[in-house]
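Shared between the two complexes below is chain A, which pairs with chain B and chain C, respectively.
For the complex of A and B:
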């Protein structure tokens, strides 16, 4: 018998055994089968509903010829500027207001609870009907706002949705109005998680009012606030409803954002790949955001 | 009682599998007689009722089954595009949007339906037959991919009551193009003198949303002599001085009317339904808008408006051009389309053959209150369309079926569909209306963009 050949024949089976053992880990007998039975449905759902759509989207937007076509669209540059403004103002104003309001709603009293309930209503009502109502309310000719201005002050209000800046302003304000209650609740929960002892000790040391907020509350909330900012930025980047239903992307396509441009390219111009490319062009901003968010979530485990 | 053992389970499973194999052909046969059909929801419920009736009648006569999905207009468009992108397609769809026929015909994605159209070829209008074709960029040939089902043009809807309130008569409407539209400026001037603060003369969709602004601009372009912008061979003629002059005049008239305050200011951001709503709210005296949806939408709730207060076109009918010659109306068609990859092409074709029989398709458009036009001239002579008591239908069918018509330009070259969806004409109108740009400069910019778009669709 040739010894060398025996060694060679034996090697793959040894390797297979070690891989198999490392896959099984400490599990024995039927435990491994049960573990597989629990994991497989999760993997199937993940692959079907998470991995496949993402890979399909990346594949659809992977043709290099799409991007020169996208960038040559006369409205693309304006759309990028609108998206940046929408993100910068929409996220920061909303979260700053939410931070202040969360402090207001920390006050004791039953009426504060009633007020909080009323305050969250904009967030609770369906957003499409809300945004359509705002669109009608801002109509220059028969909208509620201008009619009220005329009835009360005999002033002809502006045509809010006929100008790029007032229309974009209307979109941003609508978004802030709709989503501030949600983030207020999140930050309120964050404030409530600050141990009373810390606040009491700070108060004894003279850190009350603004000083208490600057030196105690905000540092403890900072991480949560940053995570909210990152999450809100990601949500807002994909927000279609506020723009589509309040300004319709108009006038003259001047208030489109990347999310609405993507839908326009995909279904109005009937070029789905160009639509995906419009959304994909935001990836250079989304990926760093997601990375920072993941890192922050990890450090958040040891902070408030 | 028998005990359930592993062996009995195996026996049972094998028996079930065997039964399924024997029963298989029945299921297969059943599948072969079923077709999935998608159709856009109507503007009024009667349209859907009419479609369901046609489908039910077909099922009764043929024994086949139609799985009909009636889907709202915008979601259906998205659904069709998504289906064609993914490759999982139904057996039959309506052309929503209309240019989808040419768009996916270019990519060789439709089944040739010339055999279906052939079954009623003598009945269809010439314009409908041309509009059912598309250029296939794979075979480098034109072919018939659509089966014409219904049609629409862009009529003029007028509040007769507002004209009379202004101290004028609808019978005094001039017959030539500019004078016809100028008439409504005078109506507005008179109404303002009476203290009507917010009634405008003209409902022009000077906007960059939906399909209305393109249809409006094209109607003016043709009326001013620019009908040869794209010829039947698919060639673009931006260098034709007649075309350029017509485009400049159209941008000047439409944008100028807005700039001068004869169009509601909100028109600059209207979508397709907003002008209908504004018209019903009597915000403007007249509206130029596709189909008779404006009228049929209020027929049931406000019959007095339908019969006494609103007229379509008015006394002279659709206006002539400024030289007094009839203006051809651009007709948009809803075609039946069978995607390549459809499982039951045979049933889809059979259903279409049934559906386009003059009696069936005629009843379909009439039950839908006449919002859409028939595609066969013989159907225009029915008592429904010629009803002397109806102030809308006769003028509408005259404009879109019996009078001079032409297909839309994307039928000849797909690039024109992108000109429409990118709202190139809208931007020219808005430049004049709002930005103070001279019509010549606005059209130069538009022509440059149109040239760029056409360069993407080279035709053999």
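For the complex of A and C:
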């Protein structure tokens, strides 16, 4: 196999069987070097900027004394409730809307195409800019929302961001506003991938409207919908921008979520280990999610 | 939600005209429903963006008033941003250049590292390539914000604080996994025989990568490039933590600094925000088709 004739390439050689051979597989010497050289940059990036920070973070959060301190913090207790609400409402309302809207956008006609182009704007515009805009919109005195309520209905709107529940609601609605278009596009593509014959056959058999959706469309979309739910849960758990810019975690730290509380602990009250601990307390939820997701993504070949 | 609401089977007892009328009424209702829903969607979508435009068009004193359309549209604040005419905006162009550099480098490195990796795994079929794929998959499902604190510490240790390359490193690390997926998925549509025949003609792996793989992957490269650029443009947390000096910071960090002051010049902020939002929106609409093809490549398989 050292005779470097070009014809031999790719033909599995059965002559020698060494450990070296099993390591490099069917590739010829120089090809193996190339193949290795091509993956080394990514491996280096992964080890230096992903694996090392993960290990470093686990080490930072490994002190047992951190956790009683964290769990007895009233801000942390509120944060857990907020995170749970944010997850439950943010993920499910958004995806359910996306599921319905993806069906709506299946309608024919030029108007639907134009509408879809307008509809994806929240996703195309940078997050920070729109969240800052929403923050100002919700200002109790000069915000656009209250101005509008007053001009149109002569109602004095509340100070949205001065109350824990309206502020948290504002965060959730902002998240839904920002991300529904993205998931709608994904589910729309999922619907498009359903072969026309299936839809036609179903229609002939009388499965139209709601019945067609329940018996034909949804069963075919269910796996994709599940993957979207899982991925969206992970993304939302790590979402920093919506909370940070819309409510700022306020009033009085009552609308923090785990991702923002970690940063706040680390950089505002200068206790990085407590910050890591806050983030790590999400691990019992993250790890099973990651395992299920990795299995699902590997088998289903969904690209997001 | 059916797309074919009109031609359902009708009982035979209907007379022709009754049937026609029912069909017509149904079509009328569907159209009205579509129009109503469209209106709601447009208002819902546009409201925060309208708010941005409205405030950016107001002269400085007008921000703290209660009207819901511009009384006098003035481009004063846009002009102020472009000429760095407000003390908040002294470094606007510098910061814009930083954002641009960050986005461009992230895109280039993501494309380079991602395509090299997927070429090695997918085309050269390196042994244990699945390990690399899994590492990438794992990275994709770890929330980036969860790693921010240790990442910040590490960059401090490396002496890379206030260096834009620390942010580029983070963004490349989080964007490459997506690149690897899309490239591998797209690469499956290119028959391996193309590579084999080139090799018989004596092409080295490097030549295969440059002359055959990259040109054939062009659509996927565009999709992933757009993704990486938008990711860098959207990212805030890492830029905020790692870039704090006036000359190294990017536009999002500068914008957020506006927010923390009591006397925020809202019209300038919103003008800055709009200028910052224009490039990604333009890129998004230019590459929209390519991008959604990349986003959903594979869609549902089974």
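Keep this in mind: the second predicted complex is superposed on the first by the 264 of 304 C-alpha atoms of A that agree within 3 Å, B and C clash if a C-alpha of one lies under 4 Å from a C-alpha of the other, contacts with A are read in each partner's own complex, and residues count from 1 in each chain.
Operating definition for what follows: contacts are C-beta pairs under 8 Å (C-beta built on N, C-alpha and C of every residue); 3 or more make two chains touch, one makes a residue touch a chain.
All figures in this text were calculated on a predicted structure; none of them were measured in a lab.
Of the two partner chains, neither chain B nor chain C is touched by A:110. After overlaying the two complexes on the shared chain, residue contacts for A:251 are found with chain B alone; chain C is out of touch.
After overlaying the two complexes on the shared chain, residue contacts for A:267 are found with chain B and with chain C alike. In the superposed model, A:259 lies in contact with chain C only, and not with chain B. In the overlay built on the shared chain, the residue A:293 is in contact with chain C alone; chain B does not reach it. Of the two partner chains placed by superposition, only chain B is touched by A:159; chain C is not. Once chain A of one complex is fitted onto chain A of the other, the partner contacts of A:142 extend to both chain B and chain C.
Greater residue coverage of chain A by touch, when chain B is weighed against chain C, goes to C.
Shared contact residues of chain A, touching chain B in one structure and chain C in the other: 141-142, 266-267, 272.
The touching residues of chain B, counted against chain A in their complex, run 74, 77-78, 81-82, 85, 97, 99-100, 103, 198, 207-209, 264-266, 268-269, 271, 278, 281, 283, 417-418, 421-423, 426-427, 430, 434, 449, 452. Note for the complex: chain A touches chain C at residues 6-7, 9-10, 22-27, 30-32, 34-36, 38-39, 41-43, 45-46, 48-54, 56-57, 60, 100-101, 103-104, 106-108, 111, 115, 117-122, 124-130, 132-137, 141-142, 144, 147-148, 150-151, 177, 181, 185-186, 189-190, 192-194, 203, 206, 208-210, 212-213, 220-221, 223-224, 231, 234-235, 237-241, 244-245, 259, 262-263, 266-267, 272, 275-276, 279, 282, 286, 289-290, 293-294, 297-298, 300-304. Residue ranges of chain C in contact with chain A, taken from their complex: 1-5, 8-9, 34, 37-38, 41-42, 44-49, 51-52, 54-55, 63-68, 112-114, 116-117, 119-121, 124-127, 129, 132, 134-154, 169-170, 172-173, 176, 178, 180-182, 185, 196, 199-200, 202, 204-206, 209, 230, 233-234, 236-237, 241, 252, 255-256, 259, 266, 269-270, 273-274, 276-277, 280-281, 284-285, 288, 292, 294-302.
The residues of chain A lying in touch with chain B in their complex are 72-74, 139-142, 159, 161-162, 167, 247-253, 266-270, 272.
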